[in-house]
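Below you'll find the structures, each written out as structure tokens.
Heads up, the next two complexes both have chain A, just with different partners, chain B and then chain C.
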Partner chain A sequence: MSNKKLDLIFSFIKTFLAILIAMVVALIIIVCISDEPLEALHSFLLGPFSNIRRIGNLVENTVPLIFVGLGVCVLWATGKRTLSGEGCYYFGGLFGALMALKFTLVSGKALTVTSLVAVIIVCGLLALLPIIVNVKYGADDFVVSLLFNYVIFYVGNYIFSNYLMDINSSSSGSYLLPEDTFFPTLVEKTKINGSLIVALVMVFLTWFFLYKTKWGYRIRLIGINANYAKYIGINVLGMCLLAQFIGGAISGLGGGVEMFGHNPRFAWFSLTNMGWDGIMVATLAYYKPQYILLSALFLGYVRTGADIMNRTSDVASEIVLVIQAIMILFIGAKAFMAGTQQKLRVKYSTEEKKEA
Partner chain B sequence: MLSSFLSAEFFYTIIRVSTPLIFAAMASLIARKGGVTNITIDSTMLMSALTGVLVSAFTQNLPLAIFCGLVMGVVMGIFMGYFHIMMNTNLILTGVAINTFTRGATVMILYAFTGDKGSSSLVKSLAVGNWDIPVIKDIPILGQIISGHNGFTYIAFLSVIFTWYLMYRTPLGLRIRAVGENSSAAKSVGENPAKIKLIALAFSGFFSALGGMYMSMGNMSVFITNMTGGRGFIGVAADAMGRGNPIGAMLASLLFGTANAVANVLQINNFPVDMVMAIPYVVSIAGIIIYSAHEQHKKNSKIKKAIAEAERGEAA
Partner chain C sequence: MSTAEHSVPAIEMKGITKIYSNGVVANKDVDFSVNYGEIHAVMGENGAGKSTLMKMLFGLEKMDKGQILFEGKEVSINSPAEAIALKIGMVHQEFMLVPSLTVAENMVLREEPRKGIFIDHNKAIEETKKISEMYNLPIDPNARIADLAVGIKQRVEILKALYRGAKILILDEPTAVLTPQETEELFRQLLILKEHGHTVIFISHKIREIKQICDRITILKNGRSMGVYQVKDISEGDISRLMVGHEVKMNLDKKPASPGKTVLKVEHLSYGYGEGKLKLDDVNFSVRKGEIIGIAGVEGNGQRELLECLSGLRKIQRGKVAINGNDVSKMSIYDIREKAKTAYIPQDRLLFGVASGATIQENLLANRMDYEEFSKAGVLKEKNFVKTAKELIKEFTIKCDNEKQLVNMLSGGNIQKVVVARELSMPRELIIIDQPSRGIDIGATKFIHQKIFELRDAGTAILVNSADLAEIRELSDSLFVMYEGEIVAFFRSLDGVTEEQLGEYMLGIKKQTPEEIKEAFHE
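What follows is the complex of A and B.
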């Protein structure tokens, strides 16, 4: 067995074990803190499939996770660890709502398309600042992007409260978004809509960009060895900027499509934390766009289950975050199962030698 | 409005809002000297803030609550170190995991104990009071500025001295700095870098805990979900600007505190709230950029100097 194949098998086993450990811990927590643990467990594990509306919720929860997950795949491809997805997702939603409500040159579906294009450009540009100061001055990309997200949020909230907030409505939020801009519904009685198709197309496009274009290749090369890339003449700053632009744009698009997917109003009063969830989705998929759909579906399932459990029992839905954290820790832990992997590697290579 | 910037109250506010930043900066400094950028300070603050509030609410015993909060901080620090150093997890991933964990765990624990997801206002928790400094409190203006602060605030300034002493006057500090500068070299002379990094992270967690408890048991006597609002990260920024010097980190914290205090004054004077809230973060980012640009310039000129010297040597 080749090393590559062994590595692949081990990453699957590791992921599976990480999920298993996280789920077992979650079950133990539920049993400990719930007065009716069996009912809580039932709604957590089987709730998402109990009727068509809940399956709809599952898909609805999955779609934004696909976008932010893809966003992180590209944002992190150059080895720069920025959190720009968080700010971009928020601002994408805000800017989408702003366009839908204030841009009057076009209407209907044309407005949807115009708004999303605008969102892509604006959010792509927003993601550039942290990486410029990182590459130019060596400022810490993670900390700068994290602090910058707060700036994005407060500026966004300023726009929201001054231009979009509907003070006459009892439900706090923006004015009603125009219904003729919404994506068409795909499945009756659910909120599954055209944004799912956009998400699936984006999975393909992101994979194509990273693995089938020369830019994608360069970006990944920088991620593997930035110095090598620099010495063979790749424009590192340019490629890092491109990766951040595209990653930010995808994350922003995720926020944008939310505004055209049957959300009556824009009503985000804080950062959404989707950027952090995107890291989770991407880590679970080993930063490969082709696996993002699976990992987003899994997280969407856990999240839907936790929401249902929150409503039907006494366990808070935030248990999802604990599950996520445990999974990231074990998948990220290089030492986790490294010993076994090394032993097998030695075993197979000695066997091969004997055969030879 | 100008008068409110010149009042003793304004300077009092600066010290008040800088307190958690100073703790966070010290936490960041010790960890970074040991070679780890601690991005879990914010989470640790949050966990300790909650621990302190809940223990004090259910035991009505303030010292015990503070003790438990501190233990929680140290545990969080070691937990982070365990995964980053022993399990060899990428630093950012460890940070993301622990921050995600805290975001969920604090709400879950709060909900389990109080039945509320937003704040601990349903249970009555204790707080450390404000302390007057004898003699100084009677001095006009100065007394108003530096006396009557919360107990934690004085501890924050003492912790700056403590950090300096620990880092530059104790064998442990020397070990931490050695491991941070060059882990392999330290190992070659018989040190155990992993152990020393863990100790540094434990100290880091200890100071984060103090900062967190100041927020929920000093400044206020209630825990609010996500009440730290990224102050732990501003602390990391302050430490970066302070160039690894405790006094510098303290001054940087006070600078960010000033940005906060200015924001408070502007807010009262009807400036748009959201724009004002963004000020401390903008200042923090600007601070990091200026610091990094300066560091890079210094490094580049060092390299240039070395090259020039080498060329001169060849010519001779």
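What follows is the complex of A and C.
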């Protein structure tokens, strides 16, 4: 067996085991703290599939995770680990609502498209700022983008409270979003709508961009070895900006599509935490767009299950945090399974030599 | 020699196997042993597993199979601290010294003599003097490391190991960074250590040096031991055959150069303002079509800065560099490569030359994605990529499974061939090569030299830098020597110029007159 194959197999085994261990720990906790553990387990594990509405919830939970996960794949591809996905996702939602409510030149589905295009451009541009500060003034990209998210939030909150808030409504939030702009529903009695298609198309486009175009190729080369990229004549700053723009745009689009079918009003009163979820989804997928659908589905499944369990039993949905933490811990841990892999590596390469 | 038969060896390593996480088999069932009071050479081409074997002995790498016996007793060495406790010391290729501290401070680091809670500086100086006198290795304990020459730094490293009580000293390619004079001095020091009953393990791939001072030799090839020999019983030809598998004759057919018009012009180039001494100080030279200009010098005398200024990796601070009339300071790296048609093979291939986590194909074609043949509207043409990659792998005899293999799976020589294939397979006006054969095997070196000659004969201007005197002499038509950022000598022809003469310029002992140095520049 070649070393490359061995690495691949082990990254799958590691991911699988990490998930398994996390689930087992969660199940043990549930059994320990619940008065009706069997029921709790049942609603946690099988709840998401018990009826069409809940499957709808699962999809509804998964769609935004796909966007933010893809966003992180691109944002991080050059090795600049920014958190811009968080701010962009929030602002994407806000700006989508702003467009839907205040942009009056077009209406209906044309407004949907116009709004989302605007969201893509605005969020892409927003994601550039931390990197410009990083390159120009040498401030740490991670910290700058983290802090910048708060700037984005407070600007967004200003816009929301001054232009969008519906003070006459009993439920706090923006004015009602125009229903004729909503994505068509795909499955009756659920919230599964056209945004799912957009998400799936984005999975393909992101993969295609990163692996099949020269720009994606250059971005990945920078991530593998930035010195080499510079030496070979790649415009490193330009490509880093492009990656941030696209990553920010995808994350923002994720927030944007939420305003066209999932929510009757814009009602985000804080940052959404989706940027961090995006990091988790991307980590679980080894930062490869082609695996994002799977990892987003899994996370969406766990969250939907926990939500159902929360409502139907005495176990709180925070159990999800335990699962996430353990999972990421094991996937991120380089030493996890490294010994076994080294033993197999020694065994296989010794055997191969005998055959030869 | 008789002691070897009658007493227990100082160190014995048995059946050592080591496989790196990228799948490279560094050592396979290697047996190795040394006695007290001998200088033992570990020879092999780069990538043969010499350094890995020694790193395991010094506790820097963990072995996968095998055992280590120290004076006949099995030991496990898991860290350098445990190796030092067994009186094993190692001098690495890159020195492990703190440049801002003095010699004495570096010597006692980790085992500082104390006075209360303070370091006892006088005691440190005293100890340094004592050990330096004991082994007749003179050193100034108060000198700052940063101010010392390479040869002296190496001496500090040796003394440091001795101060920690080392009886067995591992030297990893100690002569690679030294001038001929410094090498002689090092050998004198090693013989003193031998007289004191110390063991020296000498890693090298230079046969001549080993014949000169070593007693026994262990030869490695492809991570396996090819046997242990008495140096006096084995000929240079035999050693070479065991290392490479066949005897290598380095004689290449080199025709006389016929230079044409000037391609590269460097005028009054200075670099390194604000960093203390200038890294480059008023450098003037030119390279013409169809000639190879060599740069000789001890490493760290501005060669790297010079080549990086020419290739655009560093911004030119003062002076003028023009390639076929194009001002380099006004061009991006991309333009220097594509408009001025310059190729650059960097010294540090893993840092600059390749993206080792990417595939061979991705590395080979990274510089030609914009060509119509390889992309249309930004979308890559995968088929042409594969086709060209396959052709290049064949033409440059890169040993690999296929073009999709990751570069970090290849040997040093083959990684260098990937760099060379990428840089030299397109029509270029100027080729800049930094350390063409650093860390690669003889076969690959010969191949690369041959390629350089071919390109020169086809009319390319070539600038080569190498710390290996033999190599630079063989490659260059004309040659200049750099010392502390200046050109101190220029030789239009190398006929009758000896290595010792070059060594004197490299050490800054001699300097040519400005008129002689001016010869390096052509309008």
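A few notes on this one:
Keep this in mind: the second predicted complex is superposed on the first by the 355 of 356 C-alpha atoms of A that agree within 3 Å, B and C clash if a C-alpha of one lies under 4 Å from a C-alpha of the other, contacts with A are read in each partner's own complex, and residues count from 1 in each chain.
Following the convention adopted for this analysis, a contact is a pair of C-beta atoms (placed from the backbone, for glycine too) under 8 Å apart; a residue touches a chain by one contact, two chains touch by 3 or more.
None of the values given here were measured: they were computed from a predicted structure.
When both complexes are overlaid on chain A, chain B and chain C end up clashing with each other.
Shared-chain residue A:335: touches chain B; no touch with chain C. Of the two partner chains placed by superposition, A:13 touches none, neither chain B nor chain C. When the two complexes are overlaid on their common chain A, residue A:197 makes contact with neither chain B nor chain C.
With both structures placed on the common chain, the touch criterion links A:230 to chain C but leaves chain B unconnected. Applying the stated contact rule after C-alpha superposition, one finds that A:46 touches neither chain B nor chain C. In the superposition on chain A, contact of A:158 is made with chain B only, not with chain C.
Looking at the superposition, the partner that touches the larger set of chain A residues, chain B or chain C, turns out to be B.
In the three-chain model built by superposing on chain A, chain B overlaps with chain C at stretch 278-286, while the rest of 206-214, 278-286 or 314-322 show no clash.
Chain A residues 338 lie at the interface with chain B in one structure and with chain C in the other. Contact residues of chain A toward chain C in the complex are 2-4, 6, 212-215, 217-218, 220-221, 224-225, 227-235, 338, 341-342, 345-346, 349-350, 353.
Within the complex, the chain B residues that touch chain A are 37, 39, 83, 86-90, 92-101, 103-105, 107-108, 111-112, 117, 229-230, 233-234, 236-237, 240, 272, 274-275, 277-278, 281-282, 284-285, 288-289, 291-293, 295-296. Considering their complex, residues 29, 33, 81, 133, 136-140, 142-144, 146-148, 150-151, 154-155, 157-158, 161-162, 273, 276, 279-280, 283, 315-316, 318-322, 324-326, 328-329, 332-336, 338 of chain A touch chain B. On the side of chain C, the complex with chain A involves touching residues 17, 19, 21-23, 25, 28, 64-65, 311, 313, 332-334, 336-338, 344, 346, 351-358, 362, 366-367, 369-370, 374-375, 378-380, 382, 401, 405-406, 409.
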